[in-house]
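One structure coming up, written as structure tokens, with questions to follow.
Order as written gives the chain letters A, B, C and D; numbering starts at 1 within each chain.
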Amino acid sequence: MPPKKKVAALILKKKDIPKLVRQLTQVLTVYGPVANQSQFKFDTITDGSQLRLDYDTTILPPKKFFIPPTEDMVTFSQSPTLTIHDTLAQSDIESLWNGKRFLVFGVHSCDLAAIKFHDLILTQIYPDPYRTRRREEGIIIGLNCLLPCEDSFCKSAGTLHTTDSADLMLTELDNTYYVDVLTETGRKVVEFCKILFSPASTEQTKLVKKTLTQRNQTFPDPLDSFEEIPSQFDASYEAEMWNRLGRRCFGCGACTMVCPTCFCFDVSDRVELNLKEGARVRKWDSCQLVDFALVAGGHNFRPTIPSRVRFRIYHKFWIEPEQINQIGCVGCGRCTRACPADIDMIELLSDIQKGGN
Amino acid sequence: MSTGKPKPVVALYGLTCCAGCQLEILNLEDDLLDILGHINLVQFRMGSSATHPGPYDVCFVEGSVTNEAELTRLKELRENSKILVAMGACATTGGVNAIRNGRNIEEFKQSVYGDASHVNTFPQILPLKSHVKIDYELQGCPISGQEFVEFLTALLTGAEPREKNYAVCVECRMKENVCLMKEGELCLGPITRAGCGALCPSLGFPCEGCWGPVPQANVESEIDMFSQKGASFDLVVRKFRMFNASAEEFMKQLKRRLNIEWL
Amino acid sequence: MTQSTATRTEKNAYQYNMARIVRVTPQTPDTNLYTVEYVNKDQQKQFNFIPGQFMLLSLFGHGEAPFGICSSPNQTGSFDFCIRSVGSLTNALQNLAQDSIVGLRGPFGHGWPMEKLKGKNVVIIGGGIGLVPLRPAILDILENRDDYGTLQIMYGARCPEELLFKDELYIWDNRRDVEYVATVDRDDEHCWAGNIGVVTILFDRITISPKDTYALVCGPPIMYKFVMRELEKIGLPDDRVYLSLERRMKCGVGHCSHCLVGSKFVCQDGPVFSYKEAKTQRGAV
Amino acid sequence: MALAKFDIHHIARVEGHGDLFVELKEGKEPRVEMRITEGTRLFEAFLRDHGHNEVSHIMSRICGICSHSHAIAALRAVEAAMQIEPHLQTHQLRKLQLIGDNLASHALHINFLALPDYVGARNVIEMLPKYQEEVQRALRLKKLANDLMELIGGRHTHALCAVVGGYTHVPTSSQLQSMRKRLQEAIPDAEAQIELMGMFAEPKLVRRSQYLAVKHAKDYPLYEGDLVTDKGLRVPESEYTSLIKERNVPYAHAKFSEVEGKPFVVGSLGRLNVAKDQLSDNAKRMTKKVGLKLPSYDIFQMNLGQAIEYLHYLDQSIEIIDDLLTQNLHADIVDYKTRSGSGAVAVEAPRGVLVHEYRFNARGRVLAADVITPTAMNYSNIEADVRSLSPVLQELSKDEAELRLNMLIRAYDPCISCSVHFVRTA
């Protein structure tokens, strides 16, 4: 939703970030990028100094806050009769802004695009109530990337300047952040921490525009006409490249686990050792795993690694465009970074563009 | 869900091994009394001098068969058990015991015992499933206590225990570890069955494959990746054989690919 | 049995309703017919479905799985599932006593095109457990026999013991207004006087006129390719052949992606597709 | 003619498979054989050619119960062979791992393996109705030790992150702090455990044997030091072969050891008899309170000795953690050069002195290995004890005598699967 009244762009001093975090953590759980050995991940922030807004990318995307790796859907107990409790129905903790309970700080454009993508794909037929609820509970503060990260191709994928799904969008400007207020919720965040924000000057606005334009020009663009890939994929369906990739791929699922647009899940029951309580749990699943398309009687619709490698691309570059008219890849490069067999998404896609042989 | 049936008669047996798997069960301090409330544990030499000749509803066997006596024992246990569960790497892949496979056993014995005439041991260590029919396997060196509890819970509720037919990498990504393969290390995670919770990579140590091969393990690709990272064939072989020297899925491909006769 | 209904969101399609198993009728050694009714009487009264639709049945502690509804759409007061034990949930079901409670959600998906069949000839081809989702269509046609043209039923099972609904097969076989043929893959016990071979051999035993005819097909994955070839030979156009697909399903509402065939979700866009539609989706048949 | 014959098959509530054969003969030396039937695994042989950085993970698999002791001994021996000097932090963390191993094993042995005999039960489950509180306490003490091992080594059985030269992963200071708190809070439990074991003065078996431990100038026996006996013999750990002599016996898959041609004892009494003055103040106070006179030559006091050690090691681990908390802990592995050489070390495993020795070629591959486990060291002494018990045995009923023999063996807390994996490759 757009902000009610037009809010001028604002300025937030870098040195005020800890104060902002301190204030926000009083009413919300705050997540943001933190150091994780040699890389980064989104984690709970209790102190502004943990925030690493200079991060390149994170191992897992912020999707983990909206679709957690494992999630109890219903819990049940037999004591002595069966009682079932939908986790969606857990009593609403009254919180500040109409049920907003957590805030994700510093989400890059590719991930913003992926969140938006999930908003569409997971409501095609029927909104996924569990994710919808978390979406309603979360606030997102976006952060413009000024430097490209390795293996990504966001410019090609057209997600470099996405601000979709962010409530506030930050752009680094020397010692400050330039803040665009994008939604009503964003306005409320600013309102809540009023004293930390000051109006941006016209020069600053100009400077931001210039910075972003320059960035748009300098970012790498390794794939021409990305939007053509679906039809090119169609043509490469029977190509040799899938066997070639299949010989390298482990079918380990790492690429799909880290992908911000992947969302497949498995559902199973967990029973506690007391044999009286349990939960129906959903858990990330992956089309790369051998059991994914196995049915009773032992028939497997994608029995081999090559068939599964191809299916991942099929889903992202053909099925999803067919379903919601959008390619299911935002160009973040995480799959490349995660692949223990060094399969490179840019290479793979350019192979498709070259006809797949 | 809950069962009004009599408690199942359960036995725990050890063949040749380090007893770490039984210990892992003893180490379930928080759950131990609950477990003992659900089952009738009649045989547990490590923890009890009581004995029970069977028949058992469920019998867990850890360790490898290293001699005739143990083979006879295993066959008896099979006869006496409705459900026979192989527990731990020694029982499911031969574990470290199988490193001897393909080597000169007589020389091995002599180098250890000098005069080795009294030492009676098989030259090949095979997974228990090569000796008798095994109904379920719990992998790991040692097994994971949590997986044991999950398995037991499934049996007690009459559910089919779920096999984790996917690689350690799945658990490793969910834990958001830095991938060690990408850091240039030799990690067996991509071809190893999940279940440990990506224990080693989470602690900065590459997976050594103790959960055994994942279905459809792409051994060829793993060898390629290891070689690309500068590993000698010799090192590759040792990595694969540390816990899996008798895991056919690995050895067949390794043998073909590296052209090693004795594997 | 209680259910915390107070705080349920109305819209959650993952919501279960409780149903009681009122009768278990064994069909084969590993397959039972379960007659169920909703615990809530009003719910039971309001319940209706289209033949070919399925529901997700859960047994808490054992998960949930999709099953085709198997009774006549005209049956009131209860409805049926016919379930073969192949794994965790289905084995646990088999051990359930009468009066046990299961959870149900649905019905989901698109069923057979019953409206389109009115006044037309219908050929029904079922393989193994695939007869289950076809049964409501057959029963509906038989119960409103005058609304339809000819009815031909082709049914194949692995062996004579695995034939489902044996009483009904006998009736179909003896009705004048139904042409029924059956076959078994093998007959180790030598108790079968009929055809031996896979379902497609029945095309030699029966004459299907392509004119004004619709075919409804359900069976194991490998069956489709061969049956479609036969139907094409006869000259039945693709848009008059309907098939019900089976895929792994975890949600039933188009989220988990297990059941994707091409851009279609078997759970919501199917499980019944026209062959014409299915052909446009890679890997469907 | 034999007066009596005992053939105890598969001694229960010990780790591994062993039988005891005893034949009492009129007017003759009784025949006593500890028959170690555990299958052989030939660790020592297949270890050859493995890389120096694979040794600790493989050798830890000798035994689940003392896996950390084997791992740490292996790491120290590798480092001794290659002249690698890890940082203080590494040594401290390893001591904690060893302490964890000792605590866990002691808690298990005292409460689950030994105690049932004293209260007339066959196992801990049978104890439950009458000894709820004791069993709960035992579980707490064991869990604490396991959690300590897991915190430092990454897993309770078969540690993962201790490697040659350091650690691939270290606990955070807040983890250490909460562990420290738990260790502190366990002191009353540990004291209660001592009082419980102090109640069992019977049976007794007093025999003046020799006692051996790894003695260090500053610390109670644990991580490093000289091999010292209560009779005043002392050799550096690297020269263990000059002190401990091994021999093969035809009836066992394990070698038997002697010092100066005579049996000797390792384990809690070995350590206590050699280093009683180094016990923590708490442990000293409790020793006095339960009236244990040190040195003690009553082998059944091994159980009480372990209870006292549990308290001592608790105190010691708290000290180490305090020390670690003043350092800035981080995953740390020293740089080193792979080279040829050999190294021999001794550490205190739960059951006593554990020796590891390795020789490497210039590429860091194992050429030879030698391991002597505490259980193997104790076998000779067990046989000697059984012999000296024979007069008593003749007075007891068959069942009582068998129980007594079982209790005697269990007092040594033998780890039979360990003992068959002693090594000598050349």
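Throughout what follows, contacts are C-beta pairs under 8 Å (C-beta built on N, C-alpha and C of every residue); 3 or more make two chains touch, one makes a residue touch a chain.
For clarity, every value in this text was computed on a predicted model and none was experimentally measured.
Compare each chain's C-alpha centroid with the centroid of every protein C-alpha atom shown, and the nearest one belongs to B. Using mean Cα coordinates as chain centres, the one most removed from chain A is D. Centroid to centroid, with C-alpha atoms defining each point, chain A and chain C lie 39 Å apart.
Note: centroid distance chain A to chain B, computed from Cα atoms, is 37 Å. Chain C has its Cα centroid 42 Å from the Cα centroid of chain B.
The geometric centre of chain C is 65 Å away from that of chain D, both derived from CA atoms. Looking at chain B, one finds that residues 1, 157, 159, 162, 204 touch two or more other chains.
Contact of a single residue of chain D with at least two other chains is seen at no position. Among the residues of chain A, those touching two or more other chains are numbered 78, 268-269, 271, 278.
Applying the touch criterion to all chain pairs gives A-B, A-C, B-C, B-D. Of all residues in chain A, only 36-39, 41, 59-60, 69, 78, 247-254, 257-258, 268-269, 271-276, 278, 284, 286, 289-291, 304-305, 337-338, 340-342 touch chain B in the complex they form.
Of all the residues in chain C, the ones that touch chain A in their complex are 1-4, 7-9, 11-16, 58, 60-64, 84, 86-87, 90, 101, 103, 220-222, 246-248, 250-251, 253-258, 260, 262-263, 265, 268, 282-283. Of all residues in chain A, those touching chain C in their complex are 73-74, 76, 78, 81-86, 88-91, 122, 124-130, 237, 263-269, 271, 278, 280, 282, 285, 287, 292-297, 299, 301, 314-315, 318-319, 322-323.
For chain B in complex with chain C, the residues that touch the partner chain are 1, 157-160, 162. On the side of chain B, the complex with chain D involves touching residues 14-24, 26-27, 29-30, 32-33, 36, 41, 44-51, 63-64, 66-67, 69-70, 95-97, 99-100, 103, 105, 107-109, 111-115, 118-119, 121, 141-142, 199-200, 203-205, 208, 235, 238, 242.
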